Amino acid sequence: MYFQAFFIFSLFISSTQAAVLDFCVGDLSVPDGPGGYACKKPSKVTVDDFVFSGLGTPVKLNPLIKAAVTPAFAPQFPGLNGLGISMARLDFAVGGVIPTHTHPGASEVLYVVQGEICAGFISSSDNKVFFKNLKQGDIMVYPQGLLHFQINSGKTPAMAVVSFSSPTPGLQITDFALFANDLATELVAATTFLDAATIKKLKGVLGGTN
Amino acid sequence: MYFQAFFIFSLFISSTQAAVLDFCVGDLSVPDGPGGYACKKPSKVTVDDFVFSGLGTPVKLNPLIKAAVTPAFAPQFPGLNGLGISMARLDFAVGGVIPTHTHPGASEVLYVVQGEICAGFISSSDNKVFFKNLKQGDIMVYPQGLLHFQINSGKTPAMAVVSFSSPTPGLQITDFALFANDLATELVAATTFLDAATIKKLKGVLGGTN
Amino acid sequence: MYFQAFFIFSLFISSTQAAVLDFCVGDLSVPDGPGGYACKKPSKVTVDDFVFSGLGTPVKLNPLIKAAVTPAFAPQFPGLNGLGISMARLDFAVGGVIPTHTHPGASEVLYVVQGEICAGFISSSDNKVFFKNLKQGDIMVYPQGLLHFQINSGKTPAMAVVSFSSPTPGLQITDFALFANDLATELVAATTFLDAATIKKLKGVLGGTN
Amino acid sequence: MYFQAFFIFSLFISSTQAAVLDFCVGDLSVPDGPGGYACKKPSKVTVDDFVFSGLGTPVKLNPLIKAAVTPAFAPQFPGLNGLGISMARLDFAVGGVIPTHTHPGASEVLYVVQGEICAGFISSSDNKVFFKNLKQGDIMVYPQGLLHFQINSGKTPAMAVVSFSSPTPGLQITDFALFANDLATELVAATTFLDAATIKKLKGVLGGTN
Amino acid sequence: MYFQAFFIFSLFISSTQAAVLDFCVGDLSVPDGPGGYACKKPSKVTVDDFVFSGLGTPVKLNPLIKAAVTPAFAPQFPGLNGLGISMARLDFAVGGVIPTHTHPGASEVLYVVQGEICAGFISSSDNKVFFKNLKQGDIMVYPQGLLHFQINSGKTPAMAVVSFSSPTPGLQITDFALFANDLATELVAATTFLDAATIKKLKGVLGGTN
Amino acid sequence: MYFQAFFIFSLFISSTQAAVLDFCVGDLSVPDGPGGYACKKPSKVTVDDFVFSGLGTPVKLNPLIKAAVTPAFAPQFPGLNGLGISMARLDFAVGGVIPTHTHPGASEVLYVVQGEICAGFISSSDNKVFFKNLKQGDIMVYPQGLLHFQINSGKTPAMAVVSFSSPTPGLQITDFALFANDLATELVAATTFLDAATIKKLKGVLGGTN
């Protein structure tokens, strides 16, 4: 009987290469391409490639923003490679804030696991701000590439999980992009309308130079 | 000054049609297309179009499976329309099960909010089963279109949130597809190797006829 | 004159790398990625990379289902790599059946070359079955990821060719996925409502264990 | 029991809008969009929307080319709308030819149902011609947008079915595009290197003017 | 002869609906969808739908930035609808600047028509700034969704044309998004690390309130 | 302070692999895949990978067509790899012509930098020609895969820049595809309605044989 079943199946899938077609667990050790990482050899793939435990334990919060973002993108969780989705975990102390940022390559949905979060995004066409106080169990969607932010608006710590429409959504925090590098203060000033003193102060806080 | 700013902006975005480009909140009252629903008029869009509270409250569990799935797909949450992502909530009593099913149009990531869940999927190329006992905070990914299942494997109720790489992932529960309709018993038998008595029993349980 | 033409053309395409841009014949000997196989060196590509003869000769039918599926997917026919399409051939003896299955990554169109085929698919949203007796020359479409089946409904052998909207559509036969592996009988029972005796019988027929 | 099943299902799919998500049969009576036609109301969809019989009967051949193309694209077969695939049938008398043409929006696979067909395509990067004599059962793939042709190379009538990676692949026959319209002879001459006499002769044959 | 040609063609394209398949000129008067505007009736489409003259004449520069952006996106040039591309024109007086901004939905290529432009973008993963002084005829690419800017770095007026990988790339100027609306100063402060005085000053310049 | 900033950031992006996610500069030295070239190591990427100067200097015109096309596609400008866009420059002497051609993989927008250009495309569904005399600053769009041409219609040299909705749009010049290769004259004749003398003459002009 077993032979028979094997025989049936061999009619359908005639070569070992086929085993890779259902998924493409990322192999981070070889060069990637525009669509993602090369595929790990299927014979070496186990269930542990599809499970990630890194979002389960709270991370140490950053004292500056009293918050933390823990990503489960393809570089951290290679089982997502090629599958069009990823996740992250947001932790907030009381008063914690995820500063204004974008994800260049994905839309996002946020689910409030615990606490209360004031969340919003800014439309590009008319600068309108869509924001609301979210309670536990609420979800909110941020359209791809638009500036958005999250603030712990409650009196207790807050936690949320977020999902993205790409395994590599990217994350560009506006303040870090503007101030946490060596772009000359006069260039930052020219392109943001901010004055040199403000820029230099923020470069100091965020680790930028020049 | 206000005039000046208005003037700057009018150089960039010269017509009111542009307001819709950032998002396309679904208008369920007119015909949809292959890419999703038609867009609600931008002037009528508010923050409430981007927030959904339907996952916050536990729903009544189904006695047969001691579990429930609450979707936040585009038909329930039209703000997701066109954005490549959606969510759902899974509730399990002790012993609860989400039966084997597929999402024809999306990959899925599951995050365990509470309890312990035995979750798995079956590869198509060699029928290999990838399954594992997930603890609170673990995430697992299911590649698009493959059969998968979730079982409460703990001694307490469990809850998970899941995300999909499409606003309309679909959900095809194998048992419902096979038995909860009027497909003649002999046709089900011919295409599944199940015997007529088994089919008729399951049609009875799940509401099928013929 | 020849020089002149060469000169014209060299204005358009300035490097030999360009030769690969029209197509990407799969090279099965190196790792693949989410979008498919790496490209064979263009200088080694011949017309035989774009022609496949494996569907021309009838294969031995499987005695269990009195039918056979012969795929021309990218692993069998690497010229399809990256081109968004593939084919397969279905052969049926009298009484032959292709059991209920899905293609996780593609929609399908079937063309009846010979005989009569009862073919159907099951919608996910309301479990409605769309099925019909197809005659020679009829075509039927199966939307991506939905369960479908084909039965020889005539009194002669039947043959069909099918096409898919992906070079790697995948093929998940529900019975094989559920019974032709080592998933424990109690887990199959819990996730399908089938009783242990039925499961063990089908595991026997299809080569499963546990 | 039936109530129970209904209840289970209502947990999964909570609104009638959901019924459309599995497919989007084209409604040709309202304006279409870039992604295809608007969807027919799901409650009016029947199995006949997914079956097309127009390829079953041979059509009258055109005396000029001793051949015919019968399309089953979305405008003829609206069930394909949004599903990424379509078909057509090619009929050839002895000596019949499908003239050089492109499909601007799709790759194509050809399956020889009957007879012998000399088929080829021309690469864009180096004008190399890939062509071969195909026998019954052979398949050949044409990469998207490249010029290709088919000639009955046997001593009997021939027939093939072809599939496309789009429901609306388009079809641009080079000779018709150049000569079967009112583009001024001098403009055709300037852009093709052909002389006026040749152009006027072909305009005459193919119905062009000017 | 004309009849003959008509006859040939009628074998290929059997219905008037087909005329729309080559393009989908946007009809701005009816609701749009996630993929773009509904298609203008093909019989009303003329060559003027595919030509746009709005980039030909220099616009009045904005005194604040001494620059101007003139878009040719789908709302301005509906012939682009569904075609995956758009354009814009950038004009700079001496000292002119296009402030730091993103295009949420597209990558961009810039071509310097006249003058000298210092252009750069900021990577999201490590805040690295890639910038360079571009001369007439140089092109530069900005990956999708990343912050970038352009400054007239020469001693004469400058002009550039830019292209986008979408008909509706969007444009989010960071300063306008942060300051040209009614988002409360304390929320801006919390999410940007800027102090209230700086925010209020910029709200004043750019027309924001609160 | 610097340490603090580093610490914040390390919460977001936890591995060096992440650096590649913003872009994928093509590495032409290793095999490519269907989606493009493999990515250059991020640590070796500089601003020069995103800037291309090859369009800045006029190239020598071809005497046959009194025109030239200079591409900036991914093989020439690897920074475009994976970004969905590319460019080219068209130069025309008085009387210069870009012969009828297609881009199999992209739509195109043309911007007239200098002079006057008569440009047109031919629809596939009804062979209708859409053409117009374009002046400096006009733009025109050509839908993907359709035959189009450009003629210098003014009394001075002309120059245009064109953009494509793909980094590898391809370029198939109809005359070169038909005549600049070794396809036998009788096969060209059979598939184009042209007579042997015309074909042999054009093969002579364009460097073809047989």
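We just call them A, B, C, D, E and F in the order they show up, numbering each chain from 1.
The working rule: contacts are C-beta pairs under 8 Å (C-beta built on N, C-alpha and C of every residue); 3 or more make two chains touch, one makes a residue touch a chain.
This one's a predicted model, so the numbers in the text were calculated from it and none came from an experiment.
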Inset, instruction - Work out which chains are contact partners of both subunit B and subunit C. - result: A, D
Legend entry - Where subunit C and subunit F overlap in contact partners, by chain label: A, D
Legend entry - Equivalent interface positions on subunit C and subunit D, same or different at half: same
Inset, instruction - Identify which chain pair among C-F, A-E or D-E reproduces the interface of B-C, meaning that over half of its contact pairs, matched by residue number, are the same. - result: A-E
Legend entry - Relative to subunit B, chain with the most remote C-alpha centre: F
Inset, instruction - Report back the single chain whose CA centre is most distant from the CA centre of subunit C. - result: E
Legend entry - Centre distance in Å when subunit A and subunit F are each reduced to the mean of their C-alpha atoms: 35
Inset, instruction - Give, as an integer number of Å, the spacing between the C-alpha centres of subunit F and subunit D. - result: 26
Legend entry - Between subunit B and subunit A, distance of the C-alpha-averaged centres to the nearest whole Å: 21
Inset, instruction - Give the residues of subunit E that touch two or more other chains, as numbers and ranges in rising order. - result: 9, 13, 18, 20-22, 32-33, 35, 104-105, 120, 124-125, 127, 131, 143-144, 146, 170-171, 176, 180, 205-206
Inset, instruction - Make each chain a node and each touching pair an edge, then name the shape: line, ring, star, complete, other. - result: other
Inset, instruction - So, with touch as defined above, which chain pairs make the list? - result: A-B, A-C, A-E, A-F, B-C, B-D, B-E, C-D, C-F, D-E, D-F, E-F
Inset, instruction - Report the residues of subunit C in contact with subunit A in the complex, numbered from low to high. - result: 28, 31-35, 59, 62-65, 68-71, 73, 75-76, 104-105, 168, 170-171, 173, 176, 180, 204-208
Inset, instruction - Using the touch rule from the top, collect the residues of subunit B that touch subunit A in their complex. - result: 9, 13, 18-23, 42, 46-48, 50-53, 55-57, 72, 77, 79-80, 83-87, 106-109, 111, 113, 120-121, 123-127, 130-132, 134-144, 146, 161, 163-166
Inset, instruction - Report the residues of subunit D in contact with subunit B in the complex, numbered from low to high. - result: 1-9, 11-15, 17-18, 20-22, 24, 27, 30, 32-33, 35-39, 41, 81-82
Legend entry - subunit F - residues contacting subunit D, complex: 97, 99-100, 102-105, 118, 120, 122, 124-125, 127-129, 131, 143-147, 149, 151, 170-172, 174-178, 180-183, 187, 190-195, 198, 202, 205-206
